[in-house]
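What follows is a set of structures to go through.
Okay, so chain A shows up in both of these, paired with chain B first and chain C after.
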Partner chain A sequence: MAKPAPLDLRRRYDVVVVGGGPAGLGAAVGARDAGAEHVLVVDREPEAGGILQQCIHHGFGLHHFKEELTGPEYAQRFLAQVTERGVDVLTDAYVLDVDRDRRVALLSQDHALAPVDAGAVVLAMGARERTREAVRIPGSRPAGVMTAGFAQKLVNVAGYLPGKRVAILGSGDIGLIMARRLILEGVEVVGVFELMPHANGLSRNVVQCLHDFDVPLHLSTTVVRVHGRDRVDRITVAPVDEALRPVLSRAWDVACDTLLVSIGLIPDNELARHLGVRLDPVTTGPVVDSTMQTSRDGVFACGNTVHIHDLVDMVSQESYLAGSAAGGFVTGRHTPADNVRLTPGANVRYTVPTTISTDREHTVYLRVQKPMTDCVLRLGDVHAKPLRYVVPAEMVTLKVRPRFLEAFHGGTLTVSVETREPASTKGAAA
Partner chain B sequence: MRYDVAIVGAGVIGCAIARELSRSLATVALIERDVEVGLGTSKANSGIIHGGHRAHDGTLKAATEWRGNQLWGELAKELPFGFERVGDLTVAFDEADLAVLHETLEQGRRRGVTGLELWDAERLRREEPNLSHEAIAALHAPSAGVVNPYEACFALAESAVRNGVDLKLEHAVEGIDRDGDGFVVRTSRGDVAARFVVNAAGLFGDAVARMAGASAPTIRARKGEEYLLDKRLAGYVGRVVFPTPSGESKGILLIPTYDGTLMVGPTAHWTADHGADTTDLDTTAAGAAEVFAGARRLAPGIAEADCIAEFAGLRAVADGEDFVIGATEVAGFLNVIGIQSPGLTAAPAIAQDVVALLAAQGLELEPDDAFVPGLEAPVRAAQLDFEELARVARGDPAFGRIACRCERVTEGEVRAAIARGARTMDGVKFRTRAGMGRCQGGFCAWRVMSLIAEATDTPIPAVTKKGGGSWIARVRTDAAERSDAPDAPDGTREVAHG
Partner chain C sequence: MSPDHEHEHDTAHYLCIGCPLGCRLEVDAVDGEVVEVRGNSCKRGKEFAVQEYTDPRRFVTTTVRVEAGRWPRLPVKTAASVPKDRVADVARALHELTVAAPVAMGDVVLADVLGTGVDVVATRDLPRAA
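This part shows the complex of A and B:
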């Protein structure tokens, strides 16, 4: 591939977007559409597109484009929109630091020169995978224990295989997708071991990636030991009791040369922390208001850096909003400040955003703590939405329309998910 | 050629001896089984340069600990590795402990250890507010320090090689035969002839001695598990913290590592098979429980939930628990074995003693006038400010590309580490910190693997985590059978001949 001529980098941009994954690209589009003239996207990889570039499977864009695309195709659509709008995309470049005056220090082999000044900044650094260390599996530390996303990169980007006989810890989506991918590559997948009594990935992935390929899914089971000196040679797995403690008397060994760990993602937030943006201890991402603005004026955030999404379509929706708010911030468009605080109530881990405004429509994203069926999502006592089921693996969205809040004067609304009381009609008027 | 000295084992002991010998014109071969130096016990320990007051009187440990402590200060001026005298505290919880502290204080003073001081509860609370309020006193030793032990090994070995030592990696010693007034050391990669042989083979010290027909105490492996805590707790304690010791073990410690990460450990238990030839480097649930209970006794705010990494190391313990340093009944064959804790601390002193022992046996030590004590420090992008880094990156664009984002390591640093001897993922990691951060290599591993493959002309499937059978990736099932396998997207072409 011929290297494109180095970008003619400006010293000042209206909006600088950190990270060129779907969130960053969506934000750049939003910012241009909202009138920001000069927009820069910086990405560390040689090509923008973020994690999507290694997701060569189908399943992206059903909501946003109403068709089923691969990850790279989805990224391509956004790259085209970004190019169309004259956004500068600087790849192979790393944002070292954003300071309180929104000066962006970036390192790139062609531009390791001066910092770039930004009218507004959008943080879209994505997430990293939780590792073996995060769940502390005892045993030895041989080669062959790796995250599912790293294995995905090995197979889909680099063209190598992680091993011959693979066990998977955790039923996160990436692990499920990798189970199928590896089987198609002729690798033996001996099983998926999940601590919880339910799968952690999307139901469609459990069916299409495991059931269709006869890969056993062991629920309420975990890996309690890794064996092997140089390379993994087996693992010990054990069922867990209700308190999630392994029952070692019922442990058994599984021969394998690879253990893929697929136990979730965590927002990547070194930059935000350094910048002194307020972080939410539950999501570990920045606390954002209804315009995706962080606790620092002119600094916005979106995508997996704020909270983990299961569908890229939601990332695009959220990041377009963040980008247009950043554009509005630099063009001086006035948006009424938020006047309602949302607090997580029963069976709700968190909400994004944490505040909303009574004057316009919002999409509120939330995750539940535990699965429930026949339940109702309540927004204080102003609105209730019946839900057939909820699971922690699937993000729940709630459209909050101004009419719900017509008669509301409170200031705080509790968001909760409760089992539906049989004969109650209270609030279920939506 | 025949070397004057062959050293078996390139842990911190072998490396320190080689470096010390490289001050002279003596010819030296440093022979190591592994693919890099220092990947054994010398990388998996607490990294403490002990204050010098703790080893029991009358032991070789005591004879080398304080001197070693002082010599580390000098080495750190010459060679690039992380070292800081942070000081240590031994904490007393009752009157019996306090009596032990008084004895240790006296012992240290007799040995010439400077700066020792007893702190009362109030002083302790002021200096280390996160320690248990049940502590009644502590002994402060400002001489103690922390070191990045792997960096120290790399630097000692590199300096030795710069000054003429031949480093023979991936040479497993399999036999040692007498040959006239010297030896032929049989290795997996051919013979090495030498007049003197120094046995610094760590856990395999007794086996290597047997090869030469020399007697040696049995070496047994005592495992220590260590747990690293999240960066969030950096600065939680400023000094290394020990409980008052009981018996051989120093107990569970709080260790603010040189890199700022808080580490807790180590346990001290014989490995399951008791032998030195063990593969048991497992961490265990019981070990974790013991470590966190011990750590919480010192600082109740420490919790297992903050653990981000863990490892185990094996102490090479000789019968009698002391170091075994000296001549054997086989003239010209020296043992430097059973170097358990505080072996890291003592290493530079042991090296001096071994050189003196060799001289006593007739090795001529003419000083090498061309000896260069220093080594240039590697660039550490994470420690440079923006302007400095921009300047370096203008000189070499590889320093303008980040390879590891968690620890902010540039591709230039990875390349430099490989040029200085890194051959494995662990070798790069312990030289540059690439892969040591929160993502534990998830993002950067592929880039680092590609750089190793490219720089050392190795196919990707031959790139390992730590040598031997620790491969990371293998060729695709179909690619293995096809000769027209596609190039990997980054232009590396190993697919076809892996």
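This part shows the complex of A and C:
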């Protein structure tokens, strides 16, 4: 098959989407459905789909497609929707800058440096992995230390194994999934080391990626030194005390040639910062209103660039909304402005969005600070939703219906999660 | 309780995968039949424990080598779950396999893998290298 002809770039697009991962694809579909005629998705990889292309495991799509898919399958379904709608997808391309007039500076393999005017811009750059440097592990700097997601790309897309004897720092889902992945490819995984007293990933992954293969999970333990000249030859690990400080007197060495770090994601926001949109100090992503619009008119944001999601299904939902709003912005179909501010209260780290309006239904995403069982999620005093449990690793979703706000005339609602008074024990003690 | 020599008693422990609560499940079985599940806080926990004790199954997702494709690896999955104790064998069987591009999502790359009755299928389209 011949290489497809280079895309004939227009000078002006109604909507330009920065990033062709699940967020960007969802936004492009939303923009077209809302009437934007010319939509461009820009992605730096040779093909769109983002991180889904390397997430070859199961577990995607249960909410969105009502069936369990692998990452590549989920991506391909979205790519088909984008193609059907006549969206232009420019790969091997990089957005260098978006200025205040929404002129997008594109650098691409086929077009060199090309400025494109955009009626609206959707920021969908996703996130980056935290690296060894983010947690400052002392020791030498040999080859063989890399993020779990990078190793995932090496193994699943490029076809290389990162090493023969691998240790993993961090029990986030990517780290757990890589443990199984490497074992199935014949690599020895010597253990997963987790600073916290509990695993960070889903219990499903603890069971199916570690227990199934007898991989030891060392909780309350961290890596305190990397050894090796050209290549990692061992690491030193140590248990931590209650203040999470390593107890060096109880440290031990683990022989390995590779250390994968799976210690969290950070929204990728150079463009947003450059553009001067307001960022949330907690999420580090742009502050967005209920249409996913940033503090700058006509600039929208969605997906992991706004806040880190657990499920791609939620990204798709949020991004479709962002894309529809961007489409509405360019076709002159504006949604009523928000008139209620949401403030994080007890046990709530942040909410997305930070404002809502009383005229329509909203989905509000939030994350808690600490685990709780038998609790209640409160929206000021207008709504209370009982929850069996909350954990920081699982995003909480709250549907806010207009009827909740019928009798509400204030400007601010506090969102909090509190322990529920156990009603059944009241009379039972006697 | 006095030991019962005529029947085989067994206790197994699992971590529930149903939700982030991660309940610690304890299963009592007699002669391979589950008689009691403890530690679960919902119906799904009990169902999971019984399934894990009697017939644990897993989907296998891995990659196979591709010739002349855009990428050197093709992601694949078992079209249905296979017995848990066959997972490693299935992965090993796929190490030996090479397919030729182009491939379409859903194409069977290996039928009835190791006699499990389960096909291994491609999970994406993979065009030929440009």
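Note that the second predicted complex is superposed on the first by the 419 of 430 C-alpha atoms of A that agree within 3 Å, B and C clash if a C-alpha of one lies under 4 Å from a C-alpha of the other, contacts with A are read in each partner's own complex, and residues count from 1 in each chain.
Throughout what follows, contacts are C-beta pairs under 8 Å (C-beta built on N, C-alpha and C of every residue); 3 or more make two chains touch, one makes a residue touch a chain.
Everything numeric here is computed off the predicted structure, so don't read it as measured data.
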Now for A:G172: first (chain B), second (chain C), both, or neither, which partner does it touch? neither
Quick one: chain B or chain C, who's touching more of chain A? B
Touching partner for A:T70 - first (chain B), second (chain C), both, neither: second
Quick one: classify A:T131 as touching chain B (first), chain C (second), both or neither. first
Classify the contacts of A:H211 with the two partner chains as first (chain B alone), second (chain C alone), both, or neither. second
Touch test for A:S140: chain B only (first), chain C only (second), both, or neither? first
Determine, under the contact definition given at the top, whether A:G159 touches first (chain B), second (chain C), both, or neither. both
Could you look at A:S203 and tell me whether it touches chain B, chain C, both or neither (first, second, both, neither)? second
Report for A:E394: first if it touches chain B alone, second if chain C alone, otherwise both or neither. second
If we overlay the two complexes on their shared chain A, which of chain B and chain C does A:L184 touch? Say first, second, both or neither. second
Common interface positions of chain A, toward chain B and toward chain C: 157-159, 185-186
Note which residues of chain A are touching chain C in the complex, please. 1-4, 46-47, 53, 56-58, 70-73, 75-76, 155-159, 181, 183-186, 202-204, 206-208, 211-212, 373, 388-389, 391, 393-394
Tell me, which parts of chain A touch chain B in their complex? 44, 92, 94, 96-97, 105, 107-110, 112-113, 115, 128-129, 131-134, 136, 138-144, 146-147, 149-150, 153-154, 157-164, 185-187, 224-225, 229-231, 268, 270
Mind listing the chain B positions that touch chain A in their complex? 279, 281-285, 287-288, 304, 307-311, 386, 389-390, 393-394, 397-398, 400-402, 405-406, 408, 410, 425, 438-443, 445-446, 450, 460-461, 464-479, 486, 488-490, 495
Complex contacts: residues of chain C adjacent to chain A: 14-17, 19-22, 41, 58-63, 65, 70-73, 75, 77, 84, 87-88, 91-92, 95, 102, 105, 123-125, 127-128, 130
